[in-house]
């Protein structure tokens, strides 16, 4: 397929390489010159602007935040006034509010829109082991499925409204953050009674939760190794707030997400800036005077 | 080995059968006549009292709560005044406070004491797939290791103080309860945006948390099937309080455990008695008006 | 003094009448025709636009929310490009973020700016019993002090930065909301043990908290009379969020404010729309199955 | 009246003096020799034991905790097996559980029992400005009303079950603790925006909450003067737990009380032992990095 790609950051460039490897023709844009270099190295064509990248069978975007998505795909952005057959596949994590705004604007402009956020970091993406959550028009998803197949282990269909995929992504990230805090509280209990947190986490993870995500984070927490951050505290706070805001719009409370917000703020008030989001375990220890 | 066994409930009788199958000689006591029947069917000898069961190389106990443990193994119970060579292996879930009291009393009486709570339900025990957390005197644990090998997939050593194994068990159960509430909050987000909770839980569990305990509970929560309870709300509340009390004794707070306590109480105030502890997801839905 | 007034809602019109009664010349604007009528009845001149009202010694504004304040006093609004000697006195409740934005824009345009939110409802304002919290340039506050004297029992000086007065207002409203929830929890305890909430609230308020605000709310809560709302649930939620957002910008957590946010959402999910914010006591009762 | 008095601590001895001053004959017991001295100085007769003090028209007790109350008035204590006409008036703060146990035991022994906890510290008691919450048999309360009149400004009748007075006392203390935390959160907001907490507390208390209890605590918090403690952190924690336990027995949650428990523990984990319970404001500041 003939594919545009907007946003060639750490995730984007790995995905571009996989698309090219699967035989797709990719035309990618990123304002960062280093990214342009990476795009070319991956075998894709470098576009000179987001508008230049928009076109062909589909455009995948992987932009860092709501503001960037709205700037490129909202009013004044790249969507042609007369509509387009090009399917826009937004694979980044967006707030529900932003997702709804984008869906409405694409509908108004007559551009097919699919939301398809992913679970998995760059190394997972490189191994084509991503999980994709896709939502939006069934037919449009069907048409871009070959692209998903080039990128991911599995595509999950979430529903007819694009923002539903974003809700699922937010819910999943919340479940991961809850896992982290649960490990933090287990660590406090361990330390309060003279054991290494790593000892207790090993037992519990080894007995009940023996999957890579638990093992990896238990390792970081057990070793208290929070730098460099794979995903930092600010992003952890942002994720907790995405969940809270999504809930709030429906008058729904999320007690764990509320606790997480407060714990991330506590972390940021005590030197947590730039540390991995799993360092909330340090907040638990500090509050108990066990740090 | 020559083994006494006190407490032949649903877990106990499966464990007795495994001990017998491994060639150990077991003499078991339980006040319930049905349990006595089961003990005999499993190939063990029926003792006429707890005191009658106490003796031999080791005595394993599997009693339902702190009060029962203190009645049998505290002052006025079965521990001989002059001490004994019989190792008492307490495999039940006890509070830290009870665990410390029992350890002190065994030491005072001169009876070796090992705490060895487990992860796993009766069906897991039947398949010898338990995980055992053992703490106490190294030599004593070493002597009863053949019994653990007959019962479990793996024995984890936690530390020299028996109550450390109980802390690890409490921490592990807390991590499981946190998983349940995390699923409940994901369910709220799903439902608030027109998706089936099962759909979102399937994606997240299938993508990130693909282990039996997640799959099993995601199934119950997705199907809203909370009866009969495998482990009920009251026990969930009790577990949350074991964690809170263990923390409190060390001036340590556990925000998720505090939230869980309140959610279990809310469940019990709304017909949760007798339902599975995973039904706290219903509290999340009800609070959001989505039930 | 020669005074403009923008925003003649329930509070605004009472304040206008007091200014006129104190001998000030007032030129007031409100887009609502009924408000214009009230302005004239109060002895003020009706301006035809916000820009028409802006001028003279000072302009007081009493607008309902951040958006309205930014529309009138932000870019594209009434502040003259060349600056003005007219002091803008913003007496409404604003978010800290909005307050900082307005202060910066007034400084950029060269228009003196004072923030002066108040404690007190329309009936308190009518009796000139308001408390004013004023922050900003000392000299500017000094010049408008005669206006404050016409409106309030007392003016409190908070600091040199206008937003400091907004922070104090937000903190005060938080303290009031905390009082409401405290009464709600006392009501739960009362009802759980067979007493009328009113009985217990009467004792505690009569013994320890014998001031009008406690007595008034204890009366509403005791009688479960939450309609018509003096200040409704949505505003309660908004206030809790103003506090949380003000804290968040400084990495500060506010556990009671977090709890209040969740309680207001619970109320709104269960028919609380349009009820008085003191009805959060109903959430407490419902959660305990005592409603 | 002829009155026994058991427990002549700081509160007890002031109350004894007031009873004597009102013309009652008092026979008081306390195991502490200094207390015996104070009793005599107050014009009362010193009893040699709790049993010696029990008798006459009524016995007032003012013991420090549940354990002391149960030791003196539970099985093995002073209540005569054959019953008595002496009315026992328990004026201390007890848990609901203890209160129910005592009521049942008095009923079983045939001794009239009234619970009558108070609001007010020793200096308030000295000025006869206590507020008494009385619950139990109406006739019994009526008979001891002259004693209450000698001690208090006002007696509030709470209900026919003695423990109802204890519930009201617990609810009142919870409302006071909530006030403290509300001030703590206001202090955080103040400090986060460059104001002295005292400045903001003065405005809010002066404007809305102008009663002695608010003024006094605002003064301590504003001055950060937490030693010597009038009522210390451990007692604050105990009070929060009395509320939580009372709620839990009825499946009722109290979100503010839960937050308070955790804040008191945090305080105790950071050198709060022995400080006034109003020092929870320090926890709020420390969590925000503003201490």
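Letters A, B, C and D mark the chains in the order given here, with residues in each chain numbered from 1 onward.
Everything that follows uses one rule, which is that a contact is a pair of C-beta atoms (placed from the backbone, for glycine too) under 8 Å apart; a residue touches a chain by one contact, two chains touch by 3 or more.
Everything numeric in this text was worked out from a predicted model, so none of it was measured.
Any idea whether A-B or B-D has more C-beta pairs in contact?
A-B
Among all other chains, pick the one whose mean CA position is farthest from the mean CA position of chain C.
Using the mean of the C-alpha atoms as each chain's centre, the farthest one from chain C is B.
Could you put a whole-Å number on the gap between the CA centroids of chain A and chain D?
53
With chain centres taken as the means of their Cα atoms, state the distance from chain B to chain D in Å.
One centre to the other, that is 40 Å.
Rounded to the nearest whole Å, what is the centre-to-centre distance of chain A and chain B, using the mean of the C-alpha atoms as each centre?
37
Among the residues of chain B, which ones contact at least 2 other chains?
247, 251-253, 255, 262, 266, 269, 287-289 - these are the residues of chain B that touch more than one other chain.
For the complex, which residues does chain B have touching chain A?
The touching residues are 96, 119, 131, 133, 154, 156, 158-159, 161, 163-164, 167-168, 170-172, 174-176, 178-179, 181-183, 185-186, 188-190, 192-195, 199-200, 202-204, 206-211, 213-214, 243, 246-247, 249-257, 259, 262-263, 284, 287-290.
Spell out the part of chain C that touches chain A in their complex, as residue ranges.
Touching chain A from chain C are residues 247-248, 251-253, 255, 258, 261-262, 265-266, 268-269.
List the residues on chain A that touch chain D in their complex, please.
Interface residues on the chain A side: 266, 269-270, 287-289.
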